[in-house]
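Each of the two complexes below includes chain A, the first together with chain B, the second together with chain C.
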Partner chain A sequence: MSIIDIIRRGKKLKLFIFIGIPMIYLLIFFFIPFLIAFLYSLGMFKQVVYQYVFVPEPSLEYYSGLMKFPGIFKSIQRSFYYASLTTLGTFLISYPLTYYIGVKLEEKYRDLAVLIIFTPFWINFLLRVYAMRFILHEAGMINLILRLIGIISEPIKFLGTDTAVIIVMIYSYLIFMVLPLYGVLEKLDVELLEAAATLGATPFKAFIKITLPLSLPGILAGSLLVFIPAVGEFVIPELVGGPNTTTLGTIIYSFFLRVRGVTGWGIGSAAALIYIVLILVASYVYMKFVGGEVRLG
Partner chain B sequence: MKLVDKLLKIYTFGILGLIYVPIVVLIVFSFNESKSKVVFTGFTLENYYRLVGNFRVWESFYNSIWIGVVVTVVSVLLAILMAYGITRYEFRGKTIIDSLVLVPIIIPEIVEALTLLVFLVILGIDLSPYTIIIGHVAFDVSFAYVVIKARMVGYDPQYEEAARTLGADELRAFTKVTLPILAPGIIAASLIAFLESYDDFIKTFFTRPAGFMTLPVYIWNMASRRGFPLDLNALATFVVALALIFAYIRNRVGKGVYL
Partner chain C sequence: MSYAVELINISKSFGNVRAVRNVSLQIRKNEFFSLLGPSGCGKTTTLRIIAGLEEPDSGVVKLDGKDVTYVPTHKRNIGMVFQTLALFPHMDVYDNIAFGLRMRNYPESEIRKRVKEMLEIVRLSGLEHRRIHQLSGGQRQRVALARALIVQPAVLLLDEPLGALDLKIRQHMMVELKRVQREVGTTFIYVTHDQSEAMVMSDRIAIMKDGVIQQIGEPYEIYMKPRNKFVATFIGDAINMIEGDYLEPGIVATSLGQIKTIASDEYFGKRVIVAIRPEKVLIGSEVTGDVDNVFEGTVSMTIFRGAFIEYRVMLGHDIEFIVFKPHVGSSAPLLTPGSSVKIGWNRDSGIILVE
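This part shows the complex of A and B:
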């Protein structure tokens, strides 16, 4: 065996340790389960006594079962409605915020400001949702304040409505929009804006022509980070919503953990697969759309 | 434009304050004598006595912590291997592998959770705390990888080569030179990995054995009963104190890593 062979073999062994071990882990516990769940949703695993056997006859039984589920289309539509408003809401709230922190605020205070935004998100997510439910209640703080300033005379029943779900979703997902936006705005070269001003651009025009296009990657990343999980959200509609706030997420959840059994899981897996496909299509269309806008500008 | 800046400033401070309001309200009313959510009728520590005496809460908390620690150690080790391999070696399919590692970050957690559950059940593997750990590691590797690789890319391999020239073998060069330089990245990655596991609800909920609870699962069980158990308000005080400690540590060791 030549020396080169030994070195080559050494490299292969190292590659196996460094790349192989983590990839095998992800393959077994992440990618293969996807494939299995896909086959499961096609009815290709049948339960025989306590074991599952593979039956190579795909059927769309679970998919049609899902389509026959009352209100399924309304729920999918609602999931996208919630996710879109959450994405828009988090964007509108965090853009001015991150712009101020990343561009206007003195550099020495920036880390502190980011830490202040960050800290509440280290409190358990479920506890934050519970806190929102506490203040959104009919006899809660928000209703009290609205009544004191005279906007309403009767308490509003927020809990159980779309409004409550969307408010809590915006609150919970805010950080996923803030971080990527801050990432691009903090790197923004202020000299570009000064150059624009010297050349006679109004601050507004400089903002439209320079700041906004340069923050586009952050906007894109932020909206995908919010939108993709928001479509499948089930904790928030379950905790602050009601019978009229079923979403794709709550449907998957109830088929899996309430209906259970082979059928429940089959339909649940089918719903998850449909979720992934819809998300991929939506993200693709969105990126095409935003990308197209950049070229126009 | 001065006016716009001023408005922006007021707005920013307003939002920074507002995001704390729900939690502060929750904590304030944990000391309330009555069940009112708006009127403070009198100071009491009763909810805290109940919380301290509640064995289930502390058991769940203990489970969250030990699972979080195991998950962090395993996923950070895997991420170090991966980040080192990707930044130090050239091989075919490198870009594909680099992006495959990131897939778990993008895939919605509920889908990850149910595919893992189906997989485990079809293989006939009984659900246990270890199945929860397996699930958490699968997404934490990706988070830790992003952070450690960022640190790795910014570091000059010449230090390592210098160590090799001076007679250190690859392992020694790695432990004596590369690891200390990577340390801040590893600490930041560990914090993120721990928090992701500690706060995880969905994947835990799907892959836990019956009756086994972590802190988020416990909170879910209490909160999904539609009432307003004031023990939860008291628990919030405890959890917020923990979050402040995390924030402090994070500020000391992991500057510049936001994930």
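This part shows the complex of A and C:
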């Protein structure tokens, strides 16, 4: 009996391969680190020289330490502000784009069009963000164009502002919105819109009653895929922002990598847990709100 | 009185495919009109032009006497049942049917009343809160029909609506469609590639081939007087054909010898086809002395078809005749393959066709 036959015959083995292995993977690389961070944030896990010590009594010391950190609430607020605008921005750009590609464009050109949208994302993320720095710089392309067409006389300072962070975040997260939207819109049966027209629906009403509800699963997936990591974003605010663009992500980052030590990791873990809780609450509310509308046949 | 639908010299090409060529049709109010033809002959395209889903390259579309050639679909008072049905998957039966009324901003109380009535007409009462994927093929069909009919369109366009159903359900739905059409009193334009569907339901049929209308007429007329070989073969179960030359009035010279036909000057000197429906052919003892055309043949096959018996009879080497014989009240034994038999038909049973 070959190994393939053994796999084919063994029902339990199959179950193990298809469900067990992914579960073990998740356990080792997701749940256990999560547990460690949780214990860290409660001060129950400490590194003393090169030894890890388990302290059986939880304390909220790191959480209160985090709360006392200057500007923490403003930063959390800012994280959500950036993430919301990024989600909205990627949606507003992606929807018409993917609608055009997935519904209007002739089928044979669709894959090519999607590929073209992807090309910038073949370049390393850091390179792209740096390129955006050049574009947004006072002597950069945007200012140059604005000055040439006479809209401004003095260069606008983008770098270091919310605007710069949001522009670059929208750009960086765009494909995470494009893909799920394209997925649903490409499958949209145009005949449904024609049927709506024969029933007296104007193109606008057909869009509201048919296209939009049928693309809700894509909108839901896309906005979660953008929103969740965007709340934790720390590289972009670091690279194109400044002292006024601190986010929850940059705080976690600096506690772990700048402050370090038992306190740095403790407070960093506390911040990470707060991040997770906030994300869970926000996603739950969002799915209840939008997801309740999603009913597919 | 104006026609419900009038097409004047409509043409439409896709690239170099000429889907519809110079089609003219006049469809009367409350008529059950069928567009019949093989797949790819341009039926759907014609229907979509009437609906305004496709713009013709040339020609005029009139609905109730008004030129609507460039009026968008949602402003034409039509209903359509799509070949794929195109039911809205995210809505239940009720919302699908109510859609057209909602687009017209009817009050919900009125909508409720009308949907209820419509559900009764299409016999779907009690299923209003089913989702589309929970329905059988026949039920979906009815939902599509109800959804299109509820807005009381002046014309209902149906694109092979029964294509996907089993034979039994299809036969049942044919009768239902006819009943609904009488009940709501609307013009139906029914597209199909199935000649029996068209024959059963239609007041008139237009037969299409390669984008061109071949013949328009009542089922009886089309069956009895097909205008060309294509129509003759497309309509009906089968037809026997013999080629020959129309040299003398009422006589066609064929490889079987002379065949007596009805006399008509228009065929004089032409190569023609004499066509005879299988049920018009007399066989065995039915062939008496006063039958116009009589031939000797050999039975090559005897097929019991239920309501009748089908004989295949070879005349000479290469002409096979199909003969249908009802067996009601006849206790005569079946003709066995291999036996010699006489067949014949009277001159007025033969149809003369030009290619």
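Simple rule for what comes next: the second predicted complex is superposed on the first by the 265 of 297 C-alpha atoms of A that agree within 3 Å, B and C clash if a C-alpha of one lies under 4 Å from a C-alpha of the other, contacts with A are read in each partner's own complex, and residues count from 1 in each chain.
Note that a residue touches a chain if its C-beta (ideal position, glycine included) is under 8 Å from a C-beta of that chain, and two chains touch if they have at least 3 such contacts.
Computed from a prediction, not measured in an experiment: that's the story for all the values here.
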Exercise. Is the number of chain A residues in contact higher for chain B or for chain C?
Worked result: B
For this session: State whether A:220 touches chain B only (first), chain C only (second), both chains, or neither.
Result: neither
For this session: Could you look at A:210 and tell me whether it touches chain B, chain C, both or neither (first, second, both, neither)?
Result: second
Exercise. Regarding the shared-chain residue A:192, is it in contact with chain B (first), chain C (second), both, or neither?
Worked result: second
For this session: Once the structures are superposed on A, label A:279 by its partner contacts, choosing first (chain B), second (chain C), both or neither.
Result: first
Exercise. A:184 contacts which: chain B (first), chain C (second), both, neither?
Worked result: neither
For this session: Considering only touches as defined above, state whether A:201 meets chain B (first), chain C (second), both or neither.
Result: second
Exercise. A:115 contacts which: chain B (first), chain C (second), both, neither?
Worked result: first
For this session: Check chain A for residues that touch chain B in one structure and chain C in the other, and list them.
Result: 203
Problem set entry | chain A - residues contacting chain B, complex | 11, 14-15, 17-19, 21-23, 25-26, 29-34, 36-37, 40, 45, 50-52, 93, 96-97, 99-101, 104-105, 111, 113-120, 122-135, 137, 139-141, 144, 171, 174, 179, 182-183, 203, 224, 228-229, 231-232, 234-235, 238-239, 249, 252-253, 256-257, 265, 268-269, 272, 275-276, 279
For this session: Enumerate the contact residues on chain C facing chain A in the complex.
Result: 51-53, 72-74, 78-80, 82, 84, 86-90, 99-100, 103-104, 131-133, 147-148, 151, 157
Exercise. How about chain B: which of its residues touch chain A in the complex?
Worked result: 1, 4-5, 8-9, 11-12, 15-16, 19-23, 25-26, 29, 36-38, 78-79, 81-82, 84-86, 88-89, 91, 97, 100-101, 103-104, 106-112, 114-119, 121-122, 124, 134-135, 137-138, 141, 145, 195, 199, 201-202, 205-206, 215-216, 219-220, 223-224, 228, 232-233, 235-236, 239-240, 242-244, 246-247, 250-251, 255, 258-259
Exercise. For the complex, which residues does chain A have touching chain C?
Worked result: 189, 191-192, 194-203, 205, 209-210, 213-214, 295-297
